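Each of the next two complexes has chain A plus one other chain: chain B in the first, chain C in the second.
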Partner chain A sequence: MAAASTATAPAADTPRFGALLRNRVLGKLLLLAVVAAVLVPIVNARWASGSWPHALTVDLTGPLGKTSDWIIDNRDSHPLFLYFFGHISNAVVVSVRGVYLVLLAAGWAGVTAAAGLIAWRVAGLKLAASAVVAILVCGWFGMWVPTMQTLALMIVAVLASVVLGMLLGLAAGLSDRTYRALRPVLDTMQVFPAYAYLLPVVLVFGIGVPAAVLATVVYAAPPMARLTALGLRGADGGVMEAVASLGATARQRLLTARLPLARKQLLLGLNQTIMMALSMAVIASVIGAGGLGDRVYQALASVDVGAALAAGIPIVLLAVILDRTTAAAGERLGAAEPDGRRLHGPYGWGVAAVLTVVVALVARLAGRIDWPDTWTVNIADPVNSAVDWMTDHLYSGVPYIGGTADWAGHFTTWVLDPLRDGLQWLPWWSVLLIVAALAWLIGTWRTAVTAVLAMAAIGVLGVWKPSLDTLSQVLAAVAVTLVVGFAVGIAAARSGRLERLLRPVLDVFQTMPQFVYLIPVVALFGVGRAPAVAAAVVYALPAVIRITTQGLREVDGAAMESARSMGATSGQQLRQVQLPLARPALLLAVNQGVVLVLAVVIIGGLVGGGALGYEVVFGLAQGDLATGLVGGAAIVCLGLMLDRVTQPTERRAKKGA
Partner chain B sequence: MGLAAAGTLLVATGCGAADMTKQSSPYANAQGAKTVTLSVQSWVGAQSNIAVAEYLLKHELGYRVDTVQVDEVPAWDALSQGRVDAIMEDWGHPDQEQRYVKDKKTIVKGGDLGVTGHIGWFVPTYFAKQHPDVTDWKNLNKYASQLRTPESGGKGQLLDGSPSYVTNDKALVDNLKLKYQVVFSGSEAAQITQIKQFAKAKKPFLTYWYQPQWLFKKVPMTEVKLPAYKDGCDADPKKVACAYPKTPLQKYLNADFSKNGGKAAAFLKNFKWTTEDQNEVSLLIADQKLSPDEAAKKWIDEHESTWRSWLPK
Partner chain C sequence: MSTNTTANAEVTDAQAGSPVFSVNNLWKVFGPKADRVPGDAELAALSAAELRARTGCTAAVRDVSFDVRRGEVFVVMGLSGSGKSTLVRCLTRLIEPTSGGISIDGEDVLGMDKGRLRELRRHRAAMVFQHFGLLPHRTVLDNVAYGLEIQGVGRAERRAKAAEVVAKVGLDGLEQRRPGQLSGGQQQRVGLARALAVDPEVLLFDEPFSALDPLIRRDMQEEVIRLHREEGRTMVFITHDLSEALRLGDRIALMRDGRIVQLGTPEEIVGSPADGYVREFVRDVPREQVMTVRRAMRPADADEEGRGPAIAPGATVSEAIEAVARTGFAVRVMDEGRCLGVVDHARLLGVVAGTDGSAGEGFSGEADVAGADASGSGSDSADASASASASVSVSGSGSGSGSAVAGADAGADAPAPVTPPGEEVA
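Coming up: the complex of A and B.
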């Protein structure tokens, strides 16, 4: 009887809550309808056109083009450049060069030893072994020098991001006003596709390492700032009170209580910053970052999937090692006192440093500074034959099911085209209305206003049509991602074995550079929007699957137990208990899916995705920064709109990628 | 060490003006090696130039060579800033030439590459043999329905390449009143993959393509005649209604590098080969999947008389 009563309580609650919800929904819709009934006839009478009215656009290409020309003409003479940007650029060049020279001087043995010892110090023996293996594999694939270049760029970018992020975080953590001002900015920066950051820095600094490092810093600093602020603000009131009552000064309070208490958040911030810096360092090869990303980019130019993988695998290894090491460091903090067997404190670090120097010196004396040429393996050929086989046998003419190219064709004709034409056919004001309604229903009136303004900004920029084209690709990709992601996520939540099987696969897929996905999808699906959508789906799936699985797993055990004791079948449990209770997680999955899909659909401009992504690629490729910047701004607005429309009232800090 | 690094940083950037157009790549000249930084464009022909130049610079002249992949127009900017030392193959960029070579004098000409480039519209030869009249643009509309794809909607598809390439195709299609849709594949890699797949299925296609290009050896293609090129007929990009010109491809060097680059600069100025030479190397790279380094070595072993004359005395 007791079990029955616990189970009926929520059931009795649901209709009441549902009615309330429906009323609120109805209320919102009614209000919107009233607003629309007043406004639409007015705007329609004034600017009657299906697409965004031309009278309401502002052409920015002229002024932007002039700015770009002015910068190129004055870059070597104007004081702003000589005394400000010039120094920034120089500082970046000098520091990256310094780190690079140190890495080269340490030689492969020294770097490997250092990596192993650092990993051992912060994360234990197991990770140290993996770190050593990972670094050796980079050399084994013949990627030693590019790996060091990427590492040098990463080290500088991550340090700068951490310093910048901590400063911003400190300001926001200590002052409420700064926090309120910064938070929406930081939140928003996290949803922008990485590609949108490239153009502004190229405009000022030109192609090259300085631009790449700065883009990386701007992209990677926000998580550090956010988490620093969160950590500082989350300090336990009791502890702070106690410290204050002991007569500590504000400075002492910060250094001895607040910062140490926030260590966990700080390390999480470091982890996210490193991961984002790595993904950006790869994409920044488009603006001359060099290193591993550049190898991937060059290999793609000659359709060489094998060579792209040879550079892609080191990136993945670096990512996995960096991620695990920083994550392990964070977990250890909370753990019990370290046992006496391990060397700890400064003494352990001393041993690590001395060992590194010794190894580097031995290698130097043995004349083995550079990675030996004979110790490399060529993985490109076998990979390429595998890819060729796939293309030969799966592309078209497979009996009964048709080939991948046929699927891509059908997908384009029956899904993408109608969706795009439908969106472009809708009158512009109705698009705004739909955006407003969706954002308001899922979120608050604030998110709705931001979403509508962002969408309107796209129209004002004069890229309404290409933006809707991009939007149609995003919607199609998100639909596929969610169907597949939820299905796999549910399956993984119900079977521990499947989850364990999936975990490493998801890890690898989440850290792969987006570039590497592009060529196999072209091989399978041809050129056009379908491969762009396919790449986006593959890229966004891991995050969606992971969030879904976690959400379902975290559903209260008692609720499940009572449902089971009521005799609910496993399908009923899933539909009526697990899924409704996991609703916040599912909404978060949708939100993440949308953000990640957009990031890759944009890069899909490189494989014929067209639309906004193509404008940015075109802008970068032709040095026509005006076109690129307008495209980039539209991408930002689109990202903002999509994020706000799918944003549940409460948002979480973590970014999936 | 952190302090020392910060110290150097301060000394290096502390005071006075810093001209960012005179800052080279941080990876240049590491460990006292003399380094040359070359810009590689995304097409394979350009990779062949670089591969051979790189091999000779390394093994004959003792330089360390860095390569950076940059698109054509941004490469001019990078060249003017000294972030790359040379562009080995340029397809004609009059605006940039005016700005950097004539006005700012930060870039100097490096002479002919010896290869002549030509852009045009091509159909596969197997299709041209069945329908000989497709090679005249006037008959293209007849074939539009056969060249339809899902991407081109109701019209025929004209497959275009990387956004960085010189193209008038959209204007051409409009001005010649062709029932075609220009579909940008977004990168050359994507375009080549697509062409190969069409060829494998023996399907007809119409594509923007250029010579010299190794792909002609794998997929024979026949050019479609467009209205003949006359000087100045492509002056207004919106009104172009004529074919693309034949361009002798040019080398360009950073002005400082050209003066102070020593043997490397002299060598790059002397570098001159033929379309056949370039294609030979390109085919080794893109089709036999040799690494650029191996491909260059193979060509160099067989053509000593050609490259001997490039080496400065």
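Coming up: the complex of A and C.
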């Protein structure tokens, strides 16, 4: 294949050419140009330029459709389903149902008490109060039952993810070979948009709760596995040696030293797993998860912003509470236990459990199990009238600045359309060349090969055009994100006050599930590609700002001091010292920005973003799994390509060595 | 130096017993196909840089042999990279040696199976580490009790024992703290207590005080000296600090590039360095605080035997200087009422200036024979090997254990100890 040879040939020749050409960048570009000059005429002569040649595509729709049909036909009869997937499916249904029934039996009072007491045990009084308020708000918005559904699904999915992640992490943490095999897989899985996970599970399990739970587990287990492995491998060598010197057995070394030493990472893994699980549990409403996510999904489908917000706010509250509580548990580990605390250890947990049961029983005896209808407030209608007012007054025709819909329209006409048309107009081989050049300049020849292969795979799958459409949205969103993110990040790095102001905002934004971002942009910009891009920008901004600020702040103080001592102005300090030294952080910000933007642009298919995201949604909605699966595969390839193109890590590692 | 005197007595009566650790021709080579290096005479003779170029291997410990006697403080000293830390880890096979033999109380360590090795680590040899190696999530008390816990000792019993040891190392009142809340010195006391709690036969110290401030280091050294005086436990102590080695060690093995270049008492190392490397190493040592009057004395004249202050043969030269300066007379070295010899101004100055050469050694070899003729043999031309074979007490401790002590043999054979006075001055 053309792509492969473009990338492998330079690899072999690098030393020779490197010796000839002092300038590495120029050398690489020149080499690529030479290879292109040889290959392009051949390729051009054989296949037409322009879009990906039809001769080079493989139509997977047929076989995939057959597979899907076969699975549907045999789901109830084939032994593989009867004795394996069937049991998994049943186990999931039974456990989710069981947890849900327990939550209902506890009643709203019991659940609220339990949430408050758990938060109190883990994170202290302040968070306990917030947890109680958050849970009560969920009920107050009339979302008690969906909240409990989401919670039940979450509890089962998180438990399964943690167990699976811990097992994988243990294996990778204790065996070098497993670690080497598992690490690239886990790293890559973190790059894929959540959507990519939906279709394969639907293919096997059909739409419903089992599929939703399993997709969530597959999505949420990798961080747990990764951090467990990292924690176990990062155990202080001195401590481990000391433990061995006292004659501990392998089991004792693991249980009394290695695992406890990794507690911080384990809790961080738990925190990430919970957040990922919530994010996915909401998205999985597309494949039948039910609960809060489903309410948002349904509301968005009918552009009912008020109803979407009524379900979206509980999601955000859940996210914030879960995040803060688990994060606080991690921080508490480092701090000393205050001496002489009375409610210490198991005793405190016992008190919490007893109190919960008492509250639940009291509520049951008082006949107040279900959330009282009179205690709800309907926010959908006022929100909707506000949105209507906005539609009337802010959408367009505002003097001088224009309306939000005008902006969206202009953005689509002047930025997105030219970008998409430009990309689609480019000859397919030139897209591959650009990808190769970028990936090779930023990363290594290995990342370039992966990126080019991923891009070529998109062409082979026959979704070249929609993929470039998605790509154009991603590029536009990334450009906006980086400009705004770097500007704000630099400003925050230079002004302590701005950083203090931003921090809580960023904290909340970073914990919100991707899905929720669609609600406000639909309210502001309606549906279409521009809102999808806007949601992606808002979602990716916090991470970019945070990484930029941190990178600039962590620049070696001695270097800054010496620059100051030579009389550099603050602009000179920034340009000549801070930015060059923070280069790795800035590149990481770009990489993160791209990955996060892609995730939301794909989800944007739900609000008229079209392109690949829409193919997946369409496939799910129409039961046309083949189309959806091809779209999902293209998303995976696109994610892989974008990550590899912006991945500078390997070269940095080489430089350090 | 008071330990030195008490310890010397213990060493003398322990000499009859078997050594605690006996190490023979031990090799530890890191790198690909490390096994071939020790067996291959040609490779074994290469220098570190040549070996690495030829094979890609690094020999951390090369052909090392020594005995650790019961009740002594055996110090292994060397600069970083000399292989001393690797050596001490080989003793309990925290690092698996490449070849050679190690035995503890006559039992082959390298032949032990996992269970036996665990028993060795649990009950017979406990180690104290440079960076403490404490478990950050446990209290001080639980850290100290950890060794007992993994032995399966019950909770109440191990806590009682741990509390006892915590008090012994001076950490009373801090039992419920976490290691992170303690200073470096306190953390190392916890490390020491953890090793002591299992009541091991031997304590192994791997540069335990290197990470501490100088003042705290001194405190901790005194703590070790005190513990040793009280319990008489055998200790193997690794350090890169010469003054620490001289303060604590009954015998010192000086390592360079994986080999022991000299093994002997502090006095021997300082008084008769085996080669230029050792001499360079000990150049700035205040000799009067290490050398004993036994080495500095000369036979007494008839009239000197009856007067002047008396001093024990193990006393340091600096003590003798003080006595001489006070009285103005030469000091008599008295052992059980017998006058072994005297030290006068000239002798003492010779020690301080480092111009005494091996005179002391030549003389001390004949000391027990009360040898008047030793003085006649002349200070410059002492026959080193003859003196080594004849000696039983001080200088004998270096080569007395026979062929096992490679470094000391080399030292005894080499003419190096006979330092021409002119060389030192120039």
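Assume the second predicted complex is superposed on the first by the 606 of 657 C-alpha atoms of A that agree within 3 Å, B and C clash if a C-alpha of one lies under 4 Å from a C-alpha of the other, contacts with A are read in each partner's own complex, and residues count from 1 in each chain.
In the analysis below, a residue touches a chain if its C-beta (ideal position, glycine included) is under 8 Å from a C-beta of that chain, and two chains touch if they have at least 3 such contacts.
Since this is a predicted model, take the numbers as computed values, not measurements.
In the superposition on chain A, contact of A:591 is made with neither chain B nor chain C. Touch criterion met: A:527 reaches chain B, while chain C stays clear of it.
Of the two partner chains placed by superposition, A:472 touches none, neither chain B nor chain C. In the overlay built on the shared chain, the residue A:239 is in contact with chain C alone; chain B does not reach it. Note on chain A: of its two partners chain C and chain B, the one contacting more of its residues is B. Contacts of A:424 after superposition on the shared chain: neither chain B nor chain C is touched. Once the two complexes are laid over each other on the shared chain, residue contacts for A:248 go to chain C alone; chain B is not touched. When both complexes are overlaid on chain A, the residue A:130 reaches neither chain B nor chain C. Touched by chain B in one complex and by chain C in the other is not one residue of chain A.
Residue ranges on chain A touching chain C, taken from their complex, read 236, 238-239, 241-249, 252, 256-257, 260-261, 263, 333, 336, 339. Residues of chain B touching chain A in their complex: 1, 5, 8-9, 12-13, 17-27, 30-31, 40, 42-44, 47, 66-78, 81, 83, 96, 99, 104, 149-151, 153, 159, 162-164, 183-194, 197, 200-201, 285-286, 289, 291. Partner chain A is touched in their complex by these residues of chain C: 89, 92, 94, 117-123, 126-127, 129-137, 146-147, 149-151, 176-178, 180-181, 191, 194, 198, 204. Within the complex formed with chain B, the residues of chain A that make contact are 72-73, 75-76, 79, 81-83, 85-87, 89-102, 104-105, 149, 152, 202, 205-210, 285, 287-288, 290, 294, 297-298, 300-304, 306-307, 380-381, 384, 391-392, 395-397, 405, 408-410, 412-413, 417, 518-519, 522-523, 526-530, 604-610, 614, 617-618, 620-624.
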